[in-house]
Amino acid sequence: MTTHPRPAGPSISAAALDLFRKVSTATLTTQMFKRGFRNVYVRRATRLTITATGNLVGPAFTMRYIPAREDLDHLGVFADPEHPQRKGVETVPPGSVLVADCRGEDGVASNGEILTTRLWKRGVAGFVSDGPVRDSHVIAKLPFPVYCAGGAPPLNLVRHHAVDLNIPIGCGGVPVYPGDIIVGDEEGVVVIPLERAEEVAVDAWEQEQLEAFVLERIRNGAALPGTYPPSDSTRAAYEEWRRKQ
Amino acid sequence: MTTHPRPAGPSISAAALDLFRKVSTATLTTQMFKRGFRNVYVRRATRLTITATGNLVGPAFTMRYIPAREDLDHLGVFADPEHPQRKGVETVPPGSVLVADCRGEDGVASNGEILTTRLWKRGVAGFVSDGPVRDSHVIAKLPFPVYCAGGAPPLNLVRHHAVDLNIPIGCGGVPVYPGDIIVGDEEGVVVIPLERAEEVAVDAWEQEQLEAFVLERIRNGAALPGTYPPSDSTRAAYEEWRRKQ
Amino acid sequence: MTTHPRPAGPSISAAALDLFRKVSTATLTTQMFKRGFRNVYVRRATRLTITATGNLVGPAFTMRYIPAREDLDHLGVFADPEHPQRKGVETVPPGSVLVADCRGEDGVASNGEILTTRLWKRGVAGFVSDGPVRDSHVIAKLPFPVYCAGGAPPLNLVRHHAVDLNIPIGCGGVPVYPGDIIVGDEEGVVVIPLERAEEVAVDAWEQEQLEAFVLERIRNGAALPGTYPPSDSTRAAYEEWRRKQ
Amino acid sequence: MTTHPRPAGPSISAAALDLFRKVSTATLTTQMFKRGFRNVYVRRATRLTITATGNLVGPAFTMRYIPAREDLDHLGVFADPEHPQRKGVETVPPGSVLVADCRGEDGVASNGEILTTRLWKRGVAGFVSDGPVRDSHVIAKLPFPVYCAGGAPPLNLVRHHAVDLNIPIGCGGVPVYPGDIIVGDEEGVVVIPLERAEEVAVDAWEQEQLEAFVLERIRNGAALPGTYPPSDSTRAAYEEWRRKQ
Amino acid sequence: MTTHPRPAGPSISAAALDLFRKVSTATLTTQMFKRGFRNVYVRRATRLTITATGNLVGPAFTMRYIPAREDLDHLGVFADPEHPQRKGVETVPPGSVLVADCRGEDGVASNGEILTTRLWKRGVAGFVSDGPVRDSHVIAKLPFPVYCAGGAPPLNLVRHHAVDLNIPIGCGGVPVYPGDIIVGDEEGVVVIPLERAEEVAVDAWEQEQLEAFVLERIRNGAALPGTYPPSDSTRAAYEEWRRKQ
Amino acid sequence: MTTHPRPAGPSISAAALDLFRKVSTATLTTQMFKRGFRNVYVRRATRLTITATGNLVGPAFTMRYIPAREDLDHLGVFADPEHPQRKGVETVPPGSVLVADCRGEDGVASNGEILTTRLWKRGVAGFVSDGPVRDSHVIAKLPFPVYCAGGAPPLNLVRHHAVDLNIPIGCGGVPVYPGDIIVGDEEGVVVIPLERAEEVAVDAWEQEQLEAFVLERIRNGAALPGTYPPSDSTRAAYEEWRRKQ
């Protein structure tokens, strides 16, 4: 019961991953809302890194923290290479996103400069946490996307016990299943269930084409009625415009 | 009972509006405090836009959200040009400030790029919300002042139902009556009741002249006692200084 | 009972203060954790000032606020040079850090431009508060380190009554005793009890030397096991490396 | 735009109201969940009255509060019989439930003994608020159901301005449209949109019959599998049992 | 500066204290509001004791907690009879109310059975805290009024350091100066500044006489207009009724 | 990695379990504090059941919830007897305590009447949750101890997805490992790590004997100094008293 293998079926194409790199998280929430999903936005995880541009995209690899226990969570634990926090950093696959469930705890860090550097060097896609990180001013300048609840100096052991890896978790109030597609832009992070990711990527891309056209009209002074949402004639004009591109 | 016409009397001069463009919200809270008003600062509405400089000043035009209901709040509603959110964007008078009551809800957006662009194009003075906006990184670069609770990708329909326009609301814990003067600077937004706005503008301006003089003295090494607040002799020196300017 | 003289014994050397200027608050929380202290990080006090670089370091001089009372807390109180807020600004020793207990109140300011300028001119080391300041956009550019809960225009009298100086307080959830060493870097502020400060400074410095070596290895592609924490051989290599420097 | 007439269509039968008197709010949330409604439970409104037994059932008549303004909200306002709070108490129809939007404000009362007594005497069905009431220990003993956030002595004017009546509001995070069916039991309050109320009442009643049968089996030692939810054979036994009653 | 002697002037008569025993905290907030005081109700301090009836009335004697420090706050500290928590319990004058500033900390106790029993035996009037107590189920049955944030088992040392006695504090968001009159009824606790207590007691009593008359009329079916607030004729009838009593 | 077998060693004697039935949670927090544990009290889990007397004592069997996902968490899931919530209720061993991690979510239930009845019938010792239950007024009268965050009608599927059983969790901010000893009294719930449970039970019992003696003296008018904590002579008197019993 404590292993949660995802049914072998769902996977995602490189083309879809590429589309996720081009669309905004705002657009993705609209596509998910259309499908009945209201809860896909990770609270408290804002983009820390300023040098990493473009979207963070990749499948989730999860790490779970529970509250620390004074006798178990001392500095000696890290000597064990099987310690879940350290093992997580070493085993998250390149291209995946390490997602940490910090229970929204805002006074201690879930990561620091050395581990983040290791994640970057291993080719991991990024790090997402609903808690802060430490060494945040240094991490902010790494070429590695980190989304978190800002910075806080205290080490994780003050309040956290890393307990297991790659099982379903909550992060920022959102369910995250291993393999779900994580997308982060300048505004935040959304979680797309793997089963729906392929179609969502395509429809989000389509939506953004239409909205680019709409925005151009609004910038040129068009009023909302008939333009947004588009009337039949606006939509026809869009199709025409699209064909030309 | 649901229309709240403000008695015809109060209005505000262009000169007073101009003074509001020059004083800080900090000064305005002091002037309001002198008059017995302790609650004029809008919580959770920080300045998002980085390119818009100078104060946001204008009369309030309000929009009210209540919690969404799953059967009423679907994407189809925007096809109706009478939908309050869309109608609000099209009918807020140029020069006014659209103020949205989001009940402090921090997980969904009350506005996005297309609507904000339309507000800008219509000559609206600015947008104030106690909730986030979406497309926040793009809106941050528009030449249009937006004050809000940061950015969040989800569309308003996830939690909000726009229900009516231009009736008294609460925003960030502050009462906002249609026509009240909204002033926003780099620090935040305050609401000045229209009835008091004329005199408050003048007295705030006077206060800032005196404080500029005081600050100069403090910068030159003066101690607080006798300088801030000014003793009679400091005040006399100020009057002298003022006369010379 | 209301004076809290610290036993004459503990003091701190200039050398230790200098080490505190070079280490991070993250490192300091680790050193304190080793000694059984879990609660040294001041919540809600982020660095406001952008031009002040380097660590804020100095002994704490405290100011305590209680909730305002409408009849006692009016603008007239500042005419009294014995008013604790004003007296605090004038009497905090140069080189010390003024630390304000704002009970986490986030809607009013605990300081503003004029008082902060006076602190700077008096040679005070910095200002730390678990509440906001007003005139925050101006203070942000002063060459004087301020850590606080961002900016809020309302004057302190709206909610605060400055009541006494230099007695033990809580700030951001942390106990602060007069004379404790305050250290602030880009990430935040920690409080080091004076009795432990000397040894903590030395050990923090040592820790950072080792971590610099570790980080270099991680940047060069080393895996965590054996490197962080360092195995005996890594530690030997470090000692070698250290000797060469 | 500020009047929100409900389309004339929907109404509710006396039989359905009677069913609502017999079912639990827990059951109603299940029926609403089946229909895609996740947000029907009013937060922070617990049953205060201990002598009123049975469910509170009736159509909603709403009252909206916004934050108080010091110059508008003084004791003199109640001399005006058109003051919305007083007018609301006098005009809510007998059999209806007065529902107050207090924005979750927990430090002031939205009602007191005299007004509550008047509501009771007028034959109003009950009072629901997401804020506290004053004189709570007396109101608790009235034969009139009150659901609220406990007791708090301060009068509403300290923080509230009653602003309008019988327009859509939020209460405890839930949308409440005038005429929606309010149901309160010992556990709390739910809001059933009028359009769905008839069918929900019937299905809730049906659900409770089945669960009574299931519960009897569980009490007699049956295991969950096959019993809850019922297998085909359990359901057949239930139909048999039902027929006999 | 750290002793806060109240000017010798204000005191309170036994007659006023007696009136405070007869009026409700709700009435007192109205009287204070009339005088410009909006913040007199202690948040988070509900009546725990079920056997103690009648109002708690007495002058405040204060105790202040700051956050615990791991090296200072161990079980050994209580061996010192000068420890402020223990000294406070032994020195609060009979007839006074011990008021503890717990910074709203809700996870540890500010008092327990043994100390509360000692307070009771010493003739202290009662205990008020904005934090919980431990042994709450036993204390609830003592003939000694306790107002607090419910029960929590952990001892105060887990998060609190008792630091000083009888200086101005905040409790539940309200300023409490030594000697202020504390009044608690079944609904909660209010703080009446000593300077205003005499007149507030008298006016509160008068208000309650009038409201008793009003309530009788409302119970007999009178409508609010003309009755509450009373018209001239209602007020005349009240004067008549009063004379007869 | 997702199974967390506790090392075979630790167990607990029937005698120790019996002592836990006689001591208070307050006493247990003191014993744990002595051993360096500050975080053993489960927040938000108050005793709901009024008919169940005496302490809840038993080893923890855990259930973990993550946020619901709209497509996965529908009413149909309960048809699967392997659904973790249902399987948990059927497999928690008699005598154990089912402990649910609800992430502090306060708007939905983690249990209801039918499942709680089944737990009771199966001989389970009790149920602990940091979220509410539904049917709370009925459950309150069952002869089965339930500790939770009060009552809330909505079913768990509205926000919860039961995901796994008997792995380490957090509950009310406290780490709970399967097999840890849960003790609940009228005040709340504490978690005693299995490894320390035997000695803690004995020492807690001893502490309560001494405190009974101390309390008797305090009730008879003794002052705190010398009595609490006991001086050598008080302790000698206690030993004498103890011998006689």
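Think of it as A, B, C, D, E and F in the order they're written, each chain with its own count starting at 1.
FYI, a contact is a pair of C-beta atoms (placed from the backbone, for glycine too) under 8 Å apart; a residue touches a chain by one contact, two chains touch by 3 or more.
Just so you know, these numbers come straight off a predicted model, no measurement behind them.
Annotation, chain A versus chain B: rotation angle of 120 degrees from the Cα superposition, expressed as a multiple of 5.
Of all residue numbers seen at the chain C-chain E contact, over half occur in both copies; the interface is built from largely matching residues.
Distances between chain centres, each the mean of the C-alpha atoms, put F farthest from chain B. Separation between the centroids of chain D and chain F, computed from CA atoms only, is 33 Å.
The geometric centre of chain C is 39 Å away from that of chain F, both derived from CA atoms. Centres computed as Cα averages put chain C at a distance of 50 Å from chain D.
Residue numbers of chain C whose C-beta contacts span two or more other chains: 38, 173. Arrangement of the chains shown, judged by which pairs touch: an irregular graph that fits none of the line, ring, star or complete shapes.
By the document's touch criterion, interfaces exist between A-B, A-C, A-F, B-C, B-D, C-E, D-E, D-F, E-F. Of all the residues in chain F, the ones that touch chain E in their complex are 24-26, 28-30, 33-34, 38, 40-41, 43, 46, 173, 185-188, 190, 211, 214-215, 218-219, 221, 223-225, 228-229. Residue ranges of chain E in contact with chain F, taken from their complex: 75, 78-79, 81, 86, 89-90, 106-107, 109, 112-115, 117-118, 121, 134-137, 150-155, 157-158. The touching residues of chain E, when paired with chain C in their complex, are 1-4, 36-39, 66-71, 84, 87, 103, 161, 163-170, 173-175, 193, 195-196.
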